Structure formats: C-alpha cells, structure tokens
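Each chain gets a letter, A, B, C and D, in the order it is written, and its residues are counted from 1.
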Amino acid sequence: MEHNYHTVRTDLALEAREVLTRQVHEDIPGVLVETSEDDDVIITRVNVTTPEAEKMMGKMQGKYITIEAPGLRYKNTPLQQKVMNFLANELVEMVKLPRDATVLVVGLGNWNVTPDALGPRAAQKIVVTRHLQEMLSPELKGGVRSVCAITPGVLGITGMETGEIIQGIVSKISPNLVLAIDALAAASSQRVITTVQLANTGIHPGSGVGNKRFGLTQASLGVPVVAIGVPTVVHASTIAMDTINTLQEHAAFARYFKSMSSLSDQDRHTIVRQVLPEMLGDLMVTPKEVDRLIEDIAAVVAGGINQAMHPNIDYENIHMYLH
Amino acid sequence: MEHNYHTVRTDLALEAREVLTRQVHEDIPGVLVETSEDDDVIITRVNVTTPEAEKMMGKMQGKYITIEAPGLRYKNTPLQQKVMNFLANELVEMVKLPRDATVLVVGLGNWNVTPDALGPRAAQKIVVTRHLQEMLSPELKGGVRSVCAITPGVLGITGMETGEIIQGIVSKISPNLVLAIDALAAASSQRVITTVQLANTGIHPGSGVGNKRFGLTQASLGVPVVAIGVPTVVHASTIAMDTINTLQEHAAFARYFKSMSSLSDQDRHTIVRQVLPEMLGDLMVTPKEVDRLIEDIAAVVAGGINQAMHPNIDYENIHMYLH
Amino acid sequence: MEHNYHTVRTDLALEAREVLTRQVHEDIPGVLVETSEDDDVIITRVNVTTPEAEKMMGKMQGKYITIEAPGLRYKNTPLQQKVMNFLANELVEMVKLPRDATVLVVGLGNWNVTPDALGPRAAQKIVVTRHLQEMLSPELKGGVRSVCAITPGVLGITGMETGEIIQGIVSKISPNLVLAIDALAAASSQRVITTVQLANTGIHPGSGVGNKRFGLTQASLGVPVVAIGVPTVVHASTIAMDTINTLQEHAAFARYFKSMSSLSDQDRHTIVRQVLPEMLGDLMVTPKEVDRLIEDIAAVVAGGINQAMHPNIDYENIHMYLH
Amino acid sequence: MEHNYHTVRTDLALEAREVLTRQVHEDIPGVLVETSEDDDVIITRVNVTTPEAEKMMGKMQGKYITIEAPGLRYKNTPLQQKVMNFLANELVEMVKLPRDATVLVVGLGNWNVTPDALGPRAAQKIVVTRHLQEMLSPELKGGVRSVCAITPGVLGITGMETGEIIQGIVSKISPNLVLAIDALAAASSQRVITTVQLANTGIHPGSGVGNKRFGLTQASLGVPVVAIGVPTVVHASTIAMDTINTLQEHAAFARYFKSMSSLSDQDRHTIVRQVLPEMLGDLMVTPKEVDRLIEDIAAVVAGGINQAMHPNIDYENIHMYLH
C-alpha cells in the first residue's frame, strides 16, 4: 500500500490521507482528522497518532494543520491578510512560546530554482530582531520576540548538508524553536500555491521540492522544529498517475474496460515511463505565473510568522526593524 | 481530426506531423519531410506545401526546420557550440540576406514569467550594430550587418498588441528582415529546451507560451519574418492526453480493454478536466531547473543569430560591440 | 557663465537656478519661481519664460515642478502616499487631459544599470488599460483612462535611438500625451531619491543618467510630452567641484587663501581630473541601498501617475487590471 | 596621524601605506614592500611586521598581496584569465594546503546591495565538492580538494553576527582553512573593480563595504583565515578629502594659499559635512555599470579560487561538479 502512495508523491498529510482513504475505502486507524471551514478557507487538522498510522501514511507521527484558500491563486489582498491571520493563530497555538524565547527561522530550498525558492524568499521578509534586543525599550520588547533567520542554500551550492549547517548554528545560537519554511510537492494541482501546511514534526529526508537527504527534527537539533510548507509543484508523474486513476475510478468509463481495476503497479510505471521518459523526477507542473505567485505566498507565510512572533509590533513603524 | 490534434497542443510542426501521422496511419499529402542526423543532433525539414496540408497540420504553409539535441538538457559547451553553428547555417540558408541588409530582432514573451522569457533573454545577447554603422571601418563592416533588437513586452504589461508595437518600429526603421524569437509549447517533454525550430512563416496568433492574439507575418509587417522558437513547456493537459494514448496504443495493455480505441474526444476531455480541474490552460510542465536552462539555450539562440548576421566579426573583440 | 554651470551637472531646473543665483548673486531675468511647503514636503515651481533664461539656465523654456521630501530616504509609507498624491495633483493640473484621452507612458533608461532603471521599473507598475477598453463597463470606464506603456531600452541594447522607437509607436498608437519617466543626475546628494521633477518640456538630449543623444519632445513626436524624473545619482565630479566651492565660499576658510575666489575654471578642471582621473563621467555617487530605494520611489512615481490617469479606479480591485 | 589616515577610508593595505607615506614623507618602519609588474598587471606585497606598523597603518600584522589590473574595467577575457592565474598562484603560495584539506569559502556581504554583493556572487561560482568526496574516483580526487561554501547574509537580514554563524559551521565542519571573500572600499577610484587583495590576516571589524561589527580571524575561528577582497566603492567623503589634498599638494595651486598646509582636521571635516551633509557614510562612488562589473570580477575571484583548490580538475567536464 505504501508504494502505491509513493507513486502519487505528496508532502501534504492531508493528501496522503485522501489517497490512502480512496485505496482502502475506510478510515485509517490512528489518524484523527478535524475540519473547519468558511466561504474562503478550509482548515484541516490531521493527527498521526500511532507507529502503524505513520507507516501507512508515510508521514511521521505528529500534528499537521492545513490552511487551504483556493482564492489565493488570484491577487486578493483581504484573503491574503485572512490566511496570514489564520497562520499566525495556528502557529501561536502549536508552539506556545514564552515571551523571551529566541526563534531561528530557516528558509530551505534553492533560490536559483523558482518553485524551490519559497523558503529563501519568505526568510528575507522575516522581521529579525535578535540583534536589536539590547536597543529595544521595555515596552517595545514586550511585543517583539528575539528572531533570527538564515537561508542556508542547498547541497549542490554549499557542499554541506543543510542539517550540518543548521546544527552548527543552533549549537552556537541556542534558539528555543526552529521554524523551517520549505516548498512542497502536492498531489493535486488545485492545492499548488493555495495551501499552507504547518507540522510539529520538523522536516524529513526526501520531502520538499529539492529532494533533501537530511532531516531537521527535534531529534537531530535538540530543539522543537515546526515545518511551514506551501506546495509549489505537482510532479509530472502525478498527472499521469491521476489520469490512469480517473479512467479506472470513473463509473462513466467502466464500459471500456475488461479489468482495469487490476492494472498492476508495474504496468502503471510502464505507462508513466512511456509518457515521461528518462527524466521522471525532474519535470514539475507549475502555474505559468509561478514567479509572481511564489512572491505573494512568501509574503503571506512571512507575515503570519511575523505576527505570531511579534504580537504587539507597531506595523506602521515596522521599517525600523527592517534591513 | 483537427480537434484531436488541438488536444495535444504543440508549436512544433515536427510534432504536429507526428501526431497526425499516428492518427491517420499514413503520410500527410502536401507535407514534405527530410531528415539528417548524427550522434548528437537530428535536423528535420518539414515543408507544408498546400492549403489542405496547412489545414490538417494546423500550421501555415512554409518551411519549418527543427534542430534537436537531447544532450542540451545537460550543461555541455561543445554541443551548445555545435547547435549554434547548425542554427547559423540554417538561418543563412533560409534568409539569403545581402551584406548591407538591416535586421530587426524581436524578443517575444514576458520577462517576468521564466518559461516565457526566452525571447527577451536571447534579445539581450544579440550583438546590435545598427547604431555603430558610421563608426565601423570598411573591413569591419564587411563582416558586421546592421542589426537592432527590441523586447516589446506582452499585452498585459504594455496595453498594446505586440503586432502594433512592431508595426510602428518597422515603419520607422525599415528593416529588410524581422527575426522573432519566442518560447514554444511542445507535445513531448523530451523536446523541452533541447530543440530549436526555425520557420519562414512568421508568428501566428495563439502560438507560443504566452497565448498571442496577434501575428507577426510578412502580410502584417510588409517584410519577411523568420520565427526562431524553443519549446520551454508542455501543457499539463498534454501529459494527461499522452497517458490515455499510451494506455490505448501500447499492445501490452490491450488485455485490459474492451474497446479503448473508441474512447471519444468528449470522454478524453472529461478525464483531463477531472485530473486538471479549472485551470487547464495555466498549468505548465517544465524542468525544475528551467531558470538556468533558459539562460543557456537563450545563449545558443543568440549565438546562432550573431554568427549568421555577423559572419566575420572578431569574437575575441566582441566586447567592443556589446553594451 | 554657462560653462560654469555645466561643471556642476544637474537635471533639476531647481538646482540649475540655485547654482546660477549663487554665481550671479541676483535673480535670473525670465525665470519665475514659486515655493510652497509644509513639514515634510517642499514644492517649487520654476518657469523658464524667455530664450535668454533658457540659455543661462541650460534648461528649455517651460514649467518645472519639483516635489522634495527628504524623509523619502527612509521607508515611510504615509509620506510615500503623500508625495504620490501631490504628484497626481500636479500632473492632473499640468496636462488637463480629457476623459477619453489615450496616454503612452515611456520608461526610459537601462534596466541592467540600477541607478538608470527607474523608468523601466516605474513603467512595470503602471496600470495599463488600453487593451481593456472594450471590456470595461461604462461606470468603470468613467474612472479609467486608456493607458499603455513601453520600456524601449537604451541605444547600446537596441541599436535604435529611443526617439526612433517612440516615434514609430506614437505614429501607430496616436496617443494624446506621452509621459516619459527617467532617472536624473542631481547636484546635491540630499536630493537623490527624495525629489520628483515634472516638466512640460519633454526630454532633451544629454539629460538623465544614461547620456541620451535624442530628444522626446512635442516637436519630435507631434504630441505633448511631460517628463517625470527622479535624481538617482550625483556625478562624482560634482562632489569635487562642491568641495572647491565650499572651501571658497565658506567665510571660515578665508584666512587660508590669498585669492581663492579667482580659481579659474581650468584650474578647477585640473583638480577634478587629478582626483577622478580618466573616468570622469562614469563614476556615480549613489546611496549604498540604491536597489531598494529605486524600487520604492518607482512605486511612488507609478502610483502618482496611476492616480492621475485613473481617478476613480477601485484600488481594492486593482488586481483586475494588473498583469 | 592615524586619524588623518582614517579620513581617507580604505581597506587596501597598499593604499593605507600610500596615504601614510605621503603624510610622513618617508618609509614606514616595520612595513616591507615589494613590487613586480608587467604591461597589464602590478603585484604588490605589503608585509606589516611590527605592532607599531600595525598601529600606524591601521592594518593588522600580516601579509597583503594586491593584484592590480586597470584593464579589468573593460571586458577583456585574456586579462581576466591572467588575473585568475596570478590569484591562483598567490593563493597556493600563501596557504600551502595539503591535498586532503577541507576548505570553507565564505561569501560575505549583502546580496541585495549590488556593490556589497561580491562575496555572495563569487561564492555561487565556487566548485563545491565536499559532498562528492565519496563518489570521486581516486584519480579525480587527486586534483579536487574538499571545498564547501556558504553565503551567510548580513546582520540586518539574519539578526546574527556573521562571526557567530561561521563559528557554528566551522565547529561542525572542521575545515582546515576559511577563505572569506568580501567587497572593499578603496581610496582611489582607479582601483575600483580592477584590484584583488589577498591577506593572511582574516577579516577585521569595521572593514568592507558593509561595516562589519565582527571579525573572522584565526583567533575567533581556530583555523587560518585568508581574506580575498575587491574594492567596489570609494566613500563619497574620500572624493571630497582628495579634492582638498590635491588643492593643497599641487604646486600649481600654491599661489592661491596663504597657509593651506595647515588646514586642520576639524576644518576638513567641516568642509566634507558641508558638501555631503547628514549621510556621510551612506554615499558610495561606484562605476555606473557596477552590476555587470561585479559579475565579471566575481567570476575572476571564483575562478582563481577554483584553480588553486582543484589544480587538476578537468575544466571541460566541470559541469559534472556544478549545481
């Protein structure tokens, strides 16, 4: 079952569960799900609570919160503000951080590859304050936590595992929390750039657009790690897989088939390799306007983090804190 | 038949013919094809010679030359140089330009959308010389044609049809030839960024990554227009269509079907709409490293044009001409 | 006297008059000046009314309005909004444009050279609407003029004089007004990026950061041309000249000199050539943060133009018009 | 004397000595100088050997090697190659690194501020290999050292001192050598972008374009630190100071003065504050084309480092190592 899931590659716990549910036709034991929604936004909380659920889902035990707002695909300032607020609230709730905590924000991904540049671009928009702590007046200090930020780059650019770099910095800076921002792959094209996922599980090897070989977790860093991700791509192979699934599952097409439901995993792969020869993993499906969309969603993510970290900051005078 | 073709969207005459041939299982009357190849490069010349062929192919009457070099996907300086040389030779042959001709290079597309930025990026690398003509010594002049270049932007940025802008400039500058560079859509992911197409037909409405509403043709501009294009994307819907076609055409899968060959156009569209709901036209399949790949292929295209236009330029001292 | 002025190079009529007044120690005949100011902003109107004044000032006959806001050097949203409003008001007053007019905005300068990129960056932020005129409802149309925009590039990039390109487009589009945005050189470092100049005289050869050889004027284009400029640099030679002037004019230093007031023009040039050998014209004085500052002031300039051109646009839904 | 020197701000030991020599009219005790030159390139070795010399020069004890090539101001591939070779040779000589050493390259400076972006841009062009060591065949390994690279960002972007970040990474990675690349300020406009300085002293607080508060030295990091810098700016105040010096020192102007040689430091500052009010430290003199020039010199610096670190690399197949 696990390998089936892997053929539809997704970094969203929400989608891993959707795929799995469609396959097993029942609830997954050990996976708790809760949904709330209004006109524009759906919030889903997926809680993976057992080792068995972790294995079936291919997602580490922990809490995954997804904020979906399909309208983000179109420039829409009030909706962006709303998602920013939701993200700030969920983040505050998840991390329960004391006032005097120090937070290290890590912008993962490759700034030279647009769909992988979400982390670096969001990190640039973080209001960093750690170096100003001595200069801040007591009343300002009340609303401004000590925040610092780094965009470490990727293995091919640095020659170092991101995990090594962050371990080194964490051991020097001793933050209370690491917030890791990363671009994700979705299974569904509709979730691309319209969805933000928070997870208290950190970053795991193989996740994200950039095929990480390392992890950033409480186990590896010694401090809690919250991952904030936005899907920016769908793997091209997912489109092919989805097409086969649709053919197979859609009642209207049943008349064409003798026995489509028994199409083996190997046959599926043969088809995908035929359609997408050679470069299976390299092809990404993105919206044509991905450059602008990433810039906009990076501002939403950074805005949510800024609001959660600096609850009483004077945003009229925010330029005082900005580089 | 024509509508079937349109479901696999391609700007390459080569691919339009491939798709058509697969459907009609015979040669297309009025379409002449000639191929030559070596280890790295395949050159195909497609000549659409009759109005009937034009209608079947969905490609204007004229000559289409395709230079395919799959190795361009990987950084490879000697192969880039080779493709540059082939492009220069084909271009010289196609345009048969007198020494004292003036050429206007037009870099089509949107510089803010990476896969559509090929034209602007290539135009930036053109050795422009029109403003230096008076200053050039007679011997230099022999190898340096009068070349100028413009990147007009797209309708949403300028509020003007590109056709209007170029008509205005052509009427003022009176070039002997317009060379229009544009990013294209391919049907096959393997041709993305590995293929250059030359056509003596100009640019037609609806072609390219950016969905043009205008044309740039000898009819509209009053001077010959040669189009030079590189596919930078595959429409996501093409991947879905291809998957269906593969299922259907691959003998190995025959056992699954009662009557797959009769899958109607409408059914195909139902599937694609299911897999890619709503935003059918906006989703593009590109290599993850598209930013770097576009930069490299833009240099190949510009290099080929520079070589064709300025046969005896001293490339050691080329910086003398460069901005 | 004229050559003295030229040694302090400035594109601001305001500064040309300051320099001249300091030299002749009296009002310049034929130059009318009017000033109004509040806490943050000084508006100066310089009117060059006679051919003699034009010659003395080195500025064409016509009206020059300067909006100075020293606080723009620091990120300050309310002040940016205020300058935007002033600019919109002055522009409306200067052009007195009918509702159904078509306006062509021209972003002059080289996008590859940061201090010269003001025009291209501002033009990108213009709300272009010419292509939407047929689609707009009558009530929307009331507040939205037909605006189009072009960033033609510079001679070294295009091989064409900007004047030729704009003449070609104007003859095709027939706008009622051309608005040309350009980066300027100031004499005083305090005016860099803090000052906007409007002039109803168009653009003259030799002005701006990019050393134009052409003009964009009513005479050359057949339609009124308003120039909107922001100084982004001071020529390095101006700093040297200013140092000499300060030494000479400051009473405190009189004791050092025998006869400093008689320092000849030739001696001044000898000194400047000594301090800035060889590359006199290429060295620019800019604020270190020029990249960010240009982005901000480009938004102010574009915002002022948008507001003047589209008085009743619904800025909440402005994204409907944006690329 | 020291304060006089500081009014002409320079990060080049070569220039610190020139200024000092001009003031004291004799050799500086404890400063050894050696020069060799050919038609295009001057190499100067300045050795600060005593604590007294360190104090007078305002430069730490150690070796400073300057490679000057005025022709680099113009695009010139053979000269770029030549400077690259000289840089590689001097670097090899200075560091005497074993084959199996690991080297950490640090690209200092702010990537958002063009004249401060030399470090980040050069670091991007470094051939990093540390992550490939296990995969390299023994013969390849012979010519390829273990190199990694980081661009940490600046205090205002990260909220962390660069020194803290690098200490953290060094403690994790344990390199044998740190190579820190940084943009510098020169006293003379002619040295901007035409000069490369190597120093075995590391980076000291207050040096560089970005006003560092930290140091990167053997004392702070526990491993040798070599600094490689290129001047990209002259402080605007230096132009004013130079103008005064020229007036004063040039025999031709003696006739104007009673007692110019006695112009006090305070008077000099009064003049500079008059010419460059308020924002003394923020104004930079750079060549207009600084964006392109930084890109070119970053390639020279990175090329020299690559050649020194990887003496036998196969540059035909260098793409195998590149991201």
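Definition applied: a contact is a pair of C-beta atoms (placed from the backbone, for glycine too) under 8 Å apart; a residue touches a chain by one contact, two chains touch by 3 or more.
Since the model is a prediction, treat every value here as computed from it, not as a measurement.
Where subunit B touches subunit C, the two copies mostly use the same residue numbers: shared numbers make up over half of all numbers in play. Chain centre most remote from that of subunit A: C (centre = mean of CA atoms). Per-chain CA centroids place subunit B at a distance of 40 Å from subunit C. Rounded to whole angstrom units, the spacing between the C-alpha centres of subunit C and subunit D is 36.
Taken residue by residue, subunit D touches two or more other chains at 112, 322, whereas all remaining positions touch fewer. Residue ranges on subunit A touching subunit D, taken from their complex, read 110, 112, 124, 128-132, 146-161, 164-165, 167-173, 322-323.
Taken in their complex, subunit A has these residues touching subunit B: 73, 112-116, 189-190, 209, 233-234, 236, 239-240, 242-244, 246-247, 250, 252-253, 255-260, 262-263, 267, 270-272, 274-279, 282-292.
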